[in-house]
Amino acid sequence: MNSVSIQIEDFDFAGEWRALRDAVSGEAGAVVAFAGLVRDRFDDQIVRSLFLEHYPGMTERSIERIMTTASTRFGLLAVRVIHRVGELYPGDQVVLVLCAASHRAHAFEACQFVMDYLKTDAIFWKKETSATDAHWVRSTTDDQRRVERWKD
Amino acid sequence: MNSVSIQIEDFDFAGEWRALRDAVSGEAGAVVAFAGLVRDRFDDQIVRSLFLEHYPGMTERSIERIMTTASTRFGLLAVRVIHRVGELYPGDQVVLVLCAASHRAHAFEACQFVMDYLKTDAIFWKKETSATDAHWVRSTTDDQRRVERWKD
Amino acid sequence: MNVHVRLFAQAREAAGAGQIDVLGLSPEADVNELVDRLGGQCGERLHEALRAPGVRAAVNQEIVDCGYRLTDGDEVAFLPRVTGG
Amino acid sequence: MNVHVRLFAQAREAAGAGQIDVLGLSPEADVNELVDRLGGQCGERLHEALRAPGVRAAVNQEIVDCGYRLTDGDEVAFLPRVTGG
(Lines give C-alpha, C1' and ligand atoms only; values in the text may rest on other atoms or scores of the structure.)
Protein backbone atom coordinates (compact mmCIF):
# COMPACT_ATOMS: atom_id res chain seq x y z
CA MET A 1 0.00 0.00 0.00
CA ASN A 2 1.91 3.00 -1.34
CA SER A 3 -0.10 6.08 -2.12
CA VAL A 4 0.18 9.83 -2.32
CA SER A 5 -2.53 12.49 -2.19
CA ILE A 6 -2.24 16.20 -2.82
CA GLN A 7 -5.26 18.03 -1.50
CA ILE A 8 -6.58 21.38 -0.32
CA GLU A 9 -8.67 20.01 2.53
CA ASP A 10 -7.23 18.92 5.87
CA PHE A 11 -6.50 15.23 6.29
CA ASP A 12 -8.08 12.79 8.67
CA PHE A 13 -5.07 11.59 10.59
CA ALA A 14 -7.00 8.93 12.49
CA GLY A 15 -8.56 7.46 9.38
CA GLU A 16 -5.24 7.33 7.57
CA TRP A 17 -3.61 5.73 10.57
CA ARG A 18 -6.27 3.06 10.83
CA ALA A 19 -6.18 2.27 7.11
CA LEU A 20 -2.41 1.84 7.16
CA ARG A 21 -2.48 -0.29 10.31
CA ASP A 22 -5.17 -2.54 8.89
CA ALA A 23 -3.15 -2.99 5.70
CA VAL A 24 -0.05 -4.19 7.55
CA SER A 25 -1.60 -5.82 10.62
CA GLY A 26 0.41 -8.71 12.02
CA GLU A 27 3.41 -8.18 9.77
CA ALA A 28 4.37 -4.68 10.90
CA GLY A 29 6.04 -4.07 14.23
CA ALA A 30 6.43 -0.34 13.78
CA VAL A 31 4.59 2.60 12.29
CA VAL A 32 6.22 6.01 12.25
CA ALA A 33 4.18 9.08 11.42
CA PHE A 34 5.49 12.54 10.70
CA ALA A 35 3.25 15.58 10.51
CA GLY A 36 4.52 18.98 9.49
CA LEU A 37 2.63 21.93 10.93
CA VAL A 38 2.66 25.60 9.97
CA ARG A 39 4.69 27.53 12.53
CA ASP A 40 3.76 31.04 13.62
CA ARG A 41 7.33 32.27 13.27
CA PHE A 42 10.03 31.96 10.67
CA ASP A 43 13.42 33.63 11.13
CA ASP A 44 11.93 35.89 13.84
CA GLN A 45 9.15 37.05 11.50
CA ILE A 46 5.55 36.46 12.50
CA VAL A 47 3.94 34.23 9.89
CA ARG A 48 0.37 35.11 8.94
CA SER A 49 -0.15 32.46 6.28
CA LEU A 50 1.52 30.10 3.88
CA PHE A 51 0.39 29.51 0.32
CA LEU A 52 1.37 26.25 -1.36
CA GLU A 53 1.25 25.64 -5.08
CA HIS A 54 1.94 22.45 -7.03
CA TYR A 55 1.91 21.07 -10.56
CA PRO A 56 -0.80 18.40 -10.61
CA GLY A 57 0.53 15.14 -12.00
CA MET A 58 4.18 16.06 -11.96
CA THR A 59 4.19 16.76 -8.22
CA GLU A 60 2.56 13.42 -7.44
CA ARG A 61 5.15 11.64 -9.58
CA SER A 62 8.01 13.48 -7.88
CA ILE A 63 6.70 12.15 -4.55
CA GLU A 64 6.01 8.64 -5.85
CA ARG A 65 9.65 8.40 -6.90
CA ILE A 66 10.74 9.25 -3.35
CA MET A 67 8.29 6.74 -1.87
CA THR A 68 9.40 3.94 -4.20
CA THR A 69 13.06 4.56 -3.40
CA ALA A 70 12.32 4.56 0.33
CA SER A 71 10.20 1.41 0.05
CA THR A 72 12.96 -0.56 -1.60
CA ARG A 73 15.81 0.84 0.46
CA PHE A 74 14.16 0.27 3.85
CA GLY A 75 11.91 -2.69 3.04
CA LEU A 76 8.72 -0.83 3.91
CA LEU A 77 5.42 -2.68 4.19
CA ALA A 78 3.50 0.53 3.43
CA VAL A 79 4.12 4.21 2.91
CA ARG A 80 1.53 6.96 2.63
CA VAL A 81 2.05 10.66 1.91
CA ILE A 82 -0.54 13.40 2.06
CA HIS A 83 0.43 16.96 1.20
CA ARG A 84 -1.84 19.95 1.39
CA VAL A 85 -1.81 22.90 -0.98
CA GLY A 86 -3.55 26.27 -0.99
CA GLU A 87 -3.71 28.80 1.82
CA LEU A 88 -2.64 27.49 5.24
CA TYR A 89 -2.37 29.15 8.65
CA PRO A 90 -0.24 28.65 11.76
CA GLY A 91 -1.17 25.40 13.49
CA ASP A 92 -2.48 23.83 10.26
CA GLN A 93 -1.22 20.42 9.21
CA VAL A 94 0.75 20.64 5.94
CA VAL A 95 2.14 17.19 5.35
CA LEU A 96 1.70 13.67 6.69
CA VAL A 97 4.11 10.81 6.09
CA LEU A 98 3.32 7.32 7.41
CA CYS A 99 5.80 4.45 7.14
CA ALA A 100 5.22 0.88 8.32
CA ALA A 101 7.99 -1.69 8.64
CA SER A 102 8.74 -4.89 10.49
CA HIS A 103 11.23 -3.14 12.76
CA ARG A 104 11.37 0.34 14.15
CA ALA A 105 14.82 1.35 12.90
CA HIS A 106 13.69 1.00 9.28
CA ALA A 107 10.39 2.78 9.85
CA PHE A 108 12.18 5.74 11.48
CA GLU A 109 14.86 5.97 8.82
CA ALA A 110 12.39 5.68 5.95
CA CYS A 111 10.16 8.40 7.36
CA GLN A 112 13.14 10.76 7.66
CA PHE A 113 14.35 9.82 4.19
CA VAL A 114 10.95 10.63 2.68
CA MET A 115 10.73 13.95 4.55
CA ASP A 116 14.28 14.97 3.61
CA TYR A 117 13.66 14.34 -0.07
CA LEU A 118 10.21 15.94 0.06
CA LYS A 119 11.94 19.10 1.27
CA THR A 120 14.34 19.21 -1.65
CA ASP A 121 12.87 17.28 -4.59
CA ALA A 122 9.09 17.48 -4.33
CA ILE A 123 7.57 20.02 -6.70
CA PHE A 124 5.99 22.59 -4.42
CA TRP A 125 6.30 26.33 -4.19
CA LYS A 126 5.60 28.10 -0.92
CA LYS A 127 4.77 31.74 -0.45
CA GLU A 128 4.97 33.05 3.05
CA THR A 129 3.00 36.08 4.18
CA SER A 130 4.49 37.70 7.27
CA ALA A 131 3.44 40.80 9.16
CA THR A 132 5.59 42.92 6.84
CA ASP A 133 5.83 41.19 3.46
CA ALA A 134 5.07 38.21 1.26
CA HIS A 135 7.78 36.20 -0.49
CA TRP A 136 8.41 32.88 -2.17
CA VAL A 137 10.42 30.63 0.12
CA ARG A 138 13.61 28.91 -1.04
CA SER A 139 14.74 25.45 -0.04
CA THR A 140 17.31 25.90 2.73
CA THR A 141 20.94 24.84 2.63
CA ASP A 142 20.16 22.90 5.80
CA ASP A 143 17.63 20.83 3.83
CA GLN A 144 20.22 20.29 1.09
CA ARG A 145 22.73 19.16 3.67
CA ARG A 146 20.26 16.74 5.25
CA VAL A 147 19.57 15.02 1.96
CA GLU A 148 23.29 14.54 1.32
CA ARG A 149 23.57 12.04 4.15
CA TRP A 150 21.41 9.53 2.23
CA LYS A 151 23.80 9.50 -0.70
CA ASP A 152 26.48 6.85 -0.65
CA MET B 1 2.75 18.81 28.16
CA ASN B 2 4.69 15.72 29.22
CA SER B 3 2.68 12.74 30.32
CA VAL B 4 2.76 8.98 30.50
CA SER B 5 -0.07 6.47 30.83
CA ILE B 6 0.11 2.75 31.42
CA GLN B 7 -3.17 1.09 30.59
CA ILE B 8 -4.83 -2.17 29.67
CA GLU B 9 -7.27 -0.68 27.17
CA ASP B 10 -6.32 0.35 23.64
CA PHE B 11 -5.46 4.00 23.10
CA ASP B 12 -7.29 6.54 21.01
CA PHE B 13 -4.57 7.58 18.62
CA ALA B 14 -6.64 10.35 17.04
CA GLY B 15 -7.58 11.90 20.38
CA GLU B 16 -4.00 11.82 21.61
CA TRP B 17 -2.79 13.36 18.38
CA ARG B 18 -5.31 16.18 18.55
CA ALA B 19 -4.57 16.93 22.21
CA LEU B 20 -0.85 17.14 21.54
CA ARG B 21 -1.30 19.28 18.43
CA ASP B 22 -3.59 21.68 20.26
CA ALA B 23 -1.06 22.00 23.07
CA VAL B 24 1.77 23.03 20.75
CA SER B 25 -0.16 24.75 17.95
CA GLY B 26 1.75 27.54 16.23
CA GLU B 27 5.03 26.83 17.99
CA ALA B 28 5.61 23.30 16.74
CA GLY B 29 6.69 22.61 13.18
CA ALA B 30 6.94 18.86 13.58
CA VAL B 31 5.20 16.02 15.34
CA VAL B 32 6.63 12.52 15.15
CA ALA B 33 4.57 9.56 16.31
CA PHE B 34 5.78 6.05 16.83
CA ALA B 35 3.46 3.12 17.37
CA GLY B 36 4.68 -0.34 18.21
CA LEU B 37 2.44 -3.18 17.09
CA VAL B 38 2.41 -6.85 18.04
CA ARG B 39 3.88 -8.89 15.20
CA ASP B 40 2.61 -12.35 14.30
CA ARG B 41 6.12 -13.78 14.10
CA PHE B 42 9.21 -13.60 16.23
CA ASP B 43 12.38 -15.47 15.25
CA ASP B 44 10.34 -17.63 12.84
CA GLN B 45 7.92 -18.63 15.58
CA ILE B 46 4.25 -17.85 15.17
CA VAL B 47 3.21 -15.53 17.99
CA ARG B 48 -0.19 -16.21 19.51
CA SER B 49 -0.15 -13.54 22.19
CA LEU B 50 2.02 -11.29 24.27
CA PHE B 51 1.48 -10.66 27.97
CA LEU B 52 2.90 -7.45 29.45
CA GLU B 53 3.40 -6.86 33.13
CA HIS B 54 4.57 -3.72 34.94
CA TYR B 55 5.17 -2.35 38.42
CA PRO B 56 2.64 0.46 38.87
CA GLY B 57 4.35 3.63 40.01
CA MET B 58 7.90 2.54 39.41
CA THR B 59 7.28 1.82 35.72
CA GLU B 60 5.73 5.26 35.18
CA ARG B 61 8.70 6.89 36.88
CA SER B 62 11.17 4.89 34.76
CA ILE B 63 9.42 6.30 31.68
CA GLU B 64 9.14 9.84 33.05
CA ARG B 65 12.91 9.89 33.51
CA ILE B 66 13.38 8.98 29.84
CA MET B 67 10.86 11.63 28.75
CA THR B 68 12.48 14.35 30.85
CA THR B 69 15.92 13.54 29.50
CA ALA B 70 14.60 13.60 25.91
CA SER B 71 12.73 16.86 26.53
CA THR B 72 15.84 18.66 27.71
CA ARG B 73 18.22 17.12 25.23
CA PHE B 74 16.09 17.78 22.13
CA GLY B 75 14.17 20.86 23.28
CA LEU B 76 10.79 19.18 22.94
CA LEU B 77 7.59 21.20 23.18
CA ALA B 78 5.65 18.11 24.25
CA VAL B 79 6.13 14.40 24.69
CA ARG B 80 3.48 11.79 25.38
CA VAL B 81 3.90 8.07 26.03
CA ILE B 82 1.17 5.46 26.31
CA HIS B 83 2.07 1.87 27.03
CA ARG B 84 -0.35 -0.99 27.22
CA VAL B 85 -0.12 -3.96 29.56
CA GLY B 86 -2.02 -7.22 29.88
CA GLU B 87 -2.77 -9.71 27.12
CA LEU B 88 -2.17 -8.47 23.57
CA TYR B 89 -2.54 -10.13 20.18
CA PRO B 90 -0.89 -9.74 16.74
CA GLY B 91 -1.92 -6.42 15.19
CA ASP B 92 -2.60 -4.80 18.58
CA GLN B 93 -1.00 -1.47 19.40
CA VAL B 94 1.44 -1.80 22.31
CA VAL B 95 3.08 1.57 22.67
CA LEU B 96 2.63 5.10 21.39
CA VAL B 97 5.26 7.83 21.58
CA LEU B 98 4.46 11.35 20.39
CA CYS B 99 7.11 14.08 20.25
CA ALA B 100 6.55 17.68 19.16
CA ALA B 101 9.37 20.09 18.39
CA SER B 102 9.98 23.26 16.43
CA HIS B 103 11.98 21.38 13.81
CA ARG B 104 11.71 17.89 12.42
CA ALA B 105 15.26 16.71 13.12
CA HIS B 106 14.73 17.12 16.86
CA ALA B 107 11.29 15.50 16.82
CA PHE B 108 12.65 12.46 14.95
CA GLU B 109 15.71 12.09 17.16
CA ALA B 110 13.73 12.49 20.37
CA CYS B 111 11.16 9.89 19.36
CA GLN B 112 13.91 7.38 18.59
CA PHE B 113 15.72 8.23 21.82
CA VAL B 114 12.56 7.62 23.86
CA MET B 115 11.86 4.32 22.07
CA ASP B 116 15.45 3.10 22.42
CA TYR B 117 15.46 3.75 26.17
CA LEU B 118 11.95 2.35 26.59
CA LYS B 119 13.29 -0.90 25.14
CA THR B 120 16.13 -1.16 27.65
CA ASP B 121 15.23 0.85 30.76
CA ALA B 122 11.45 0.86 31.12
CA ILE B 123 10.20 -1.59 33.71
CA PHE B 124 8.14 -4.07 31.72
CA TRP B 125 8.21 -7.82 31.47
CA LYS B 126 6.90 -9.53 28.36
CA LYS B 127 5.81 -13.11 28.05
CA GLU B 128 5.39 -14.43 24.56
CA THR B 129 3.09 -17.33 23.78
CA SER B 130 3.97 -19.02 20.51
CA ALA B 131 2.47 -22.06 18.83
CA THR B 132 4.83 -24.29 20.80
CA ASP B 133 5.71 -22.60 24.08
CA ALA B 134 5.47 -19.58 26.36
CA HIS B 135 8.53 -17.74 27.63
CA TRP B 136 9.61 -14.46 29.19
CA VAL B 137 11.36 -12.32 26.60
CA ARG B 138 14.77 -10.77 27.24
CA SER B 139 15.91 -7.38 26.06
CA THR B 140 17.97 -7.96 22.90
CA THR B 141 21.63 -7.10 22.43
CA ASP B 142 20.47 -5.11 19.40
CA ASP B 143 18.41 -2.92 21.73
CA GLN B 144 21.42 -2.52 24.03
CA ARG B 145 23.54 -1.51 21.08
CA ARG B 146 21.00 1.04 19.90
CA VAL B 147 20.94 2.77 23.25
CA GLU B 148 24.72 3.04 23.28
CA ARG B 149 24.70 5.54 20.44
CA TRP B 150 23.01 8.14 22.65
CA LYS B 151 25.82 8.02 25.18
CA ASP B 152 28.62 10.54 24.71
CA MET C 1 2.18 25.43 -34.03
CA ASN C 2 0.31 25.96 -30.78
CA VAL C 3 1.35 25.01 -27.25
CA HIS C 4 -0.24 25.26 -23.86
CA VAL C 5 1.90 26.97 -21.22
CA ARG C 6 1.65 26.47 -17.46
CA LEU C 7 3.25 28.92 -15.07
CA PHE C 8 3.88 28.59 -11.35
CA ALA C 9 4.86 30.75 -8.38
CA GLN C 10 6.90 33.85 -9.36
CA ALA C 11 6.38 33.15 -13.08
CA ARG C 12 2.63 32.84 -12.65
CA GLU C 13 2.53 36.10 -10.73
CA ALA C 14 4.67 37.85 -13.35
CA ALA C 15 2.28 36.76 -16.08
CA GLY C 16 -0.85 37.36 -14.06
CA ALA C 17 -2.06 33.93 -15.23
CA GLY C 18 -1.29 30.29 -14.56
CA GLN C 19 -2.14 29.02 -18.04
CA ILE C 20 -1.55 30.67 -21.39
CA ASP C 21 -2.13 29.36 -24.91
CA VAL C 22 0.62 30.37 -27.28
CA LEU C 23 -0.49 30.22 -30.89
CA GLY C 24 1.34 30.34 -34.18
CA LEU C 25 4.85 29.40 -33.11
CA SER C 26 7.22 28.52 -35.95
CA PRO C 27 7.24 24.75 -36.69
CA GLU C 28 10.85 24.40 -35.43
CA ALA C 29 10.33 26.41 -32.25
CA ASP C 30 12.28 25.28 -29.19
CA VAL C 31 11.84 26.21 -25.51
CA ASN C 32 14.12 29.24 -25.90
CA GLU C 33 11.97 30.64 -28.67
CA LEU C 34 8.84 30.07 -26.57
CA VAL C 35 10.40 32.01 -23.68
CA ASP C 36 11.12 34.97 -25.97
CA ARG C 37 7.64 34.79 -27.44
CA LEU C 38 6.09 34.77 -23.94
CA GLY C 39 8.18 37.83 -23.07
CA GLY C 40 6.85 39.61 -26.12
CA GLN C 41 3.27 38.50 -25.45
CA CYS C 42 3.15 39.07 -21.66
CA GLY C 43 5.89 41.59 -20.93
CA GLU C 44 9.44 41.93 -19.64
CA ARG C 45 8.55 40.91 -16.10
CA LEU C 46 7.57 37.41 -17.24
CA HIS C 47 10.60 37.20 -19.52
CA GLU C 48 12.86 37.91 -16.52
CA ALA C 49 11.00 35.42 -14.34
CA LEU C 50 11.47 32.69 -16.96
CA ARG C 51 15.18 33.52 -17.36
CA ALA C 52 15.79 33.57 -13.59
CA PRO C 53 18.42 31.13 -12.28
CA GLY C 54 17.10 27.69 -11.48
CA VAL C 55 13.96 27.85 -13.65
CA ARG C 56 13.41 24.51 -15.42
CA ALA C 57 11.14 23.75 -18.33
CA ALA C 58 9.01 20.59 -18.54
CA VAL C 59 7.31 19.38 -21.68
CA ASN C 60 4.35 17.10 -21.07
CA GLN C 61 5.58 16.81 -17.48
CA GLU C 62 9.13 15.72 -18.33
CA ILE C 63 12.06 18.05 -17.61
CA VAL C 64 13.77 19.22 -20.82
CA ASP C 65 16.60 21.62 -21.62
CA CYS C 66 16.08 24.98 -23.27
CA GLY C 67 17.01 23.74 -26.74
CA TYR C 68 14.22 21.12 -26.72
CA ARG C 69 12.14 21.23 -29.93
CA LEU C 70 8.43 21.60 -29.29
CA THR C 71 5.57 19.75 -30.96
CA ASP C 72 2.10 21.07 -31.68
CA GLY C 73 -0.17 20.55 -28.68
CA ASP C 74 2.64 20.24 -26.11
CA GLU C 75 2.04 21.29 -22.53
CA VAL C 76 5.06 23.37 -21.55
CA ALA C 77 5.54 24.19 -17.87
CA PHE C 78 8.04 26.59 -16.37
CA LEU C 79 9.11 25.55 -12.89
CA PRO C 80 10.85 28.16 -10.75
CA ARG C 81 13.21 26.70 -8.15
CA VAL C 82 11.02 24.60 -5.84
CA THR C 83 10.68 25.12 -2.11
CA GLY C 84 9.99 21.47 -1.47
CA GLY C 85 7.25 19.97 0.68
CA MET D 1 8.89 -6.70 61.59
CA ASN D 2 6.49 -7.12 58.69
CA VAL D 3 7.02 -6.23 55.04
CA HIS D 4 4.91 -6.38 51.93
CA VAL D 5 6.51 -8.22 49.01
CA ARG D 6 5.70 -7.72 45.33
CA LEU D 7 6.77 -10.23 42.72
CA PHE D 8 6.82 -9.96 38.94
CA ALA D 9 7.19 -12.14 35.86
CA GLN D 10 9.19 -15.35 36.53
CA ALA D 11 9.31 -14.63 40.28
CA ARG D 12 5.56 -14.11 40.46
CA GLU D 13 4.98 -17.37 38.60
CA ALA D 14 7.41 -19.23 40.85
CA ALA D 15 5.55 -18.04 43.93
CA GLY D 16 2.11 -18.42 42.42
CA ALA D 17 1.27 -14.94 43.76
CA GLY D 18 2.12 -11.34 42.96
CA GLN D 19 1.91 -10.05 46.51
CA ILE D 20 2.93 -11.73 49.75
CA ASP D 21 2.98 -10.39 53.31
CA VAL D 22 6.01 -11.55 55.24
CA LEU D 23 5.48 -11.32 58.96
CA GLY D 24 7.81 -11.54 61.94
CA LEU D 25 11.17 -10.81 60.31
CA SER D 26 13.99 -10.04 62.73
CA PRO D 27 14.32 -6.28 63.43
CA GLU D 28 17.70 -6.13 61.61
CA ALA D 29 16.59 -8.12 58.55
CA ASP D 30 18.09 -7.11 55.22
CA VAL D 31 17.02 -8.02 51.68
CA ASN D 32 19.16 -11.17 51.72
CA GLU D 33 17.39 -12.43 54.79
CA LEU D 34 14.03 -11.70 53.24
CA VAL D 35 14.99 -13.72 50.14
CA ASP D 36 15.88 -16.74 52.30
CA ARG D 37 12.72 -16.36 54.29
CA LEU D 38 10.63 -16.24 51.08
CA GLY D 39 12.38 -19.41 49.91
CA GLY D 40 11.45 -21.12 53.15
CA GLN D 41 7.91 -19.83 53.03
CA CYS D 42 7.14 -20.37 49.32
CA GLY D 43 9.58 -23.04 48.17
CA GLU D 44 12.87 -23.57 46.36
CA ARG D 45 11.50 -22.50 42.99
CA LEU D 46 10.90 -18.94 44.23
CA HIS D 47 14.26 -18.91 46.00
CA GLU D 48 15.97 -19.75 42.73
CA ALA D 49 13.93 -17.15 40.82
CA LEU D 50 14.95 -14.45 43.31
CA ARG D 51 18.64 -15.47 43.14
CA ALA D 52 18.64 -15.55 39.32
CA PRO D 53 21.15 -13.27 37.59
CA GLY D 54 19.91 -9.73 36.98
CA VAL D 55 17.15 -9.74 39.62
CA ARG D 56 17.08 -6.41 41.44
CA ALA D 57 15.33 -5.51 44.66
CA ALA D 58 13.44 -2.26 45.19
CA VAL D 59 12.32 -0.97 48.56
CA ASN D 60 9.45 1.48 48.40
CA GLN D 61 10.10 1.68 44.65
CA GLU D 62 13.77 2.60 44.93
CA ILE D 63 16.42 0.11 43.78
CA VAL D 64 18.57 -1.14 46.68
CA ASP D 65 21.35 -3.70 47.05
CA CYS D 66 20.91 -7.03 48.77
CA GLY D 67 22.44 -5.82 52.06
CA TYR D 68 19.84 -3.05 52.45
CA ARG D 69 18.26 -3.07 55.94
CA LEU D 70 14.50 -3.22 55.90
CA THR D 71 12.05 -1.22 58.00
CA ASP D 72 8.67 -2.34 59.28
CA GLY D 73 5.98 -1.69 56.66
CA ASP D 74 8.37 -1.53 53.67
CA GLU D 75 7.15 -2.56 50.24
CA VAL D 76 9.86 -4.82 48.82
CA ALA D 77 9.71 -5.66 45.12
CA PHE D 78 11.83 -8.18 43.25
CA LEU D 79 12.39 -7.20 39.64
CA PRO D 80 13.62 -9.89 37.24
CA ARG D 81 15.61 -8.57 34.29
CA VAL D 82 13.20 -6.35 32.35
CA THR D 83 12.27 -6.86 28.72
CA GLY D 84 11.68 -3.16 28.17
CA GLY D 85 8.72 -1.49 26.51
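Observations, loosely collected:
Letters A, B, C and D mark the chains as written, and numbering starts fresh at 1 in each.
The rule is simple: contacts are C-beta pairs under 8 Å (C-beta built on N, C-alpha and C of every residue); 3 or more make two chains touch, one makes a residue touch a chain.
In this text the structure is predicted, and so the values were computed from the model without any measurement.
Following the contact convention of this document, no chain is adjacent to both chain A and chain C.
Placing every chain at the mean of its C-alpha atoms, the farthest one from chain B is found to be C. If you average the CA atoms of chain B and of chain C, the two centres end up 51 Å from each other. Computed centre separation for the pair chain B/chain D is 28 angstrom, with centres defined by C-alpha atoms.
Centre to centre, using the average C-alpha position, chain C and chain D are separated by 78 Å. Of all residues in chain B, those touching 2 or more other chains are 36, 115, listed in ascending order.
Multi-chain contact residues of chain D, defined as those touching 2 or more other chains: none present. Screening every pair of chains for touch gives A-B, A-C, B-D. By the touch criterion stated above, chain D contacts chain B in their complex at residues 6, 8-10, 12, 58, 61, 77, 79-85. The touching residues of chain A, counted against chain B in their complex, run 13-14, 17, 21, 24-40, 90-91, 93, 102, 104-105, 107-108, 111-112, 115, 146. If you check the complex, the residues on chain B that touch chain D are 36, 53, 55, 57-58, 61, 63, 83, 94-95, 115, 118-127, 136-139, 143.
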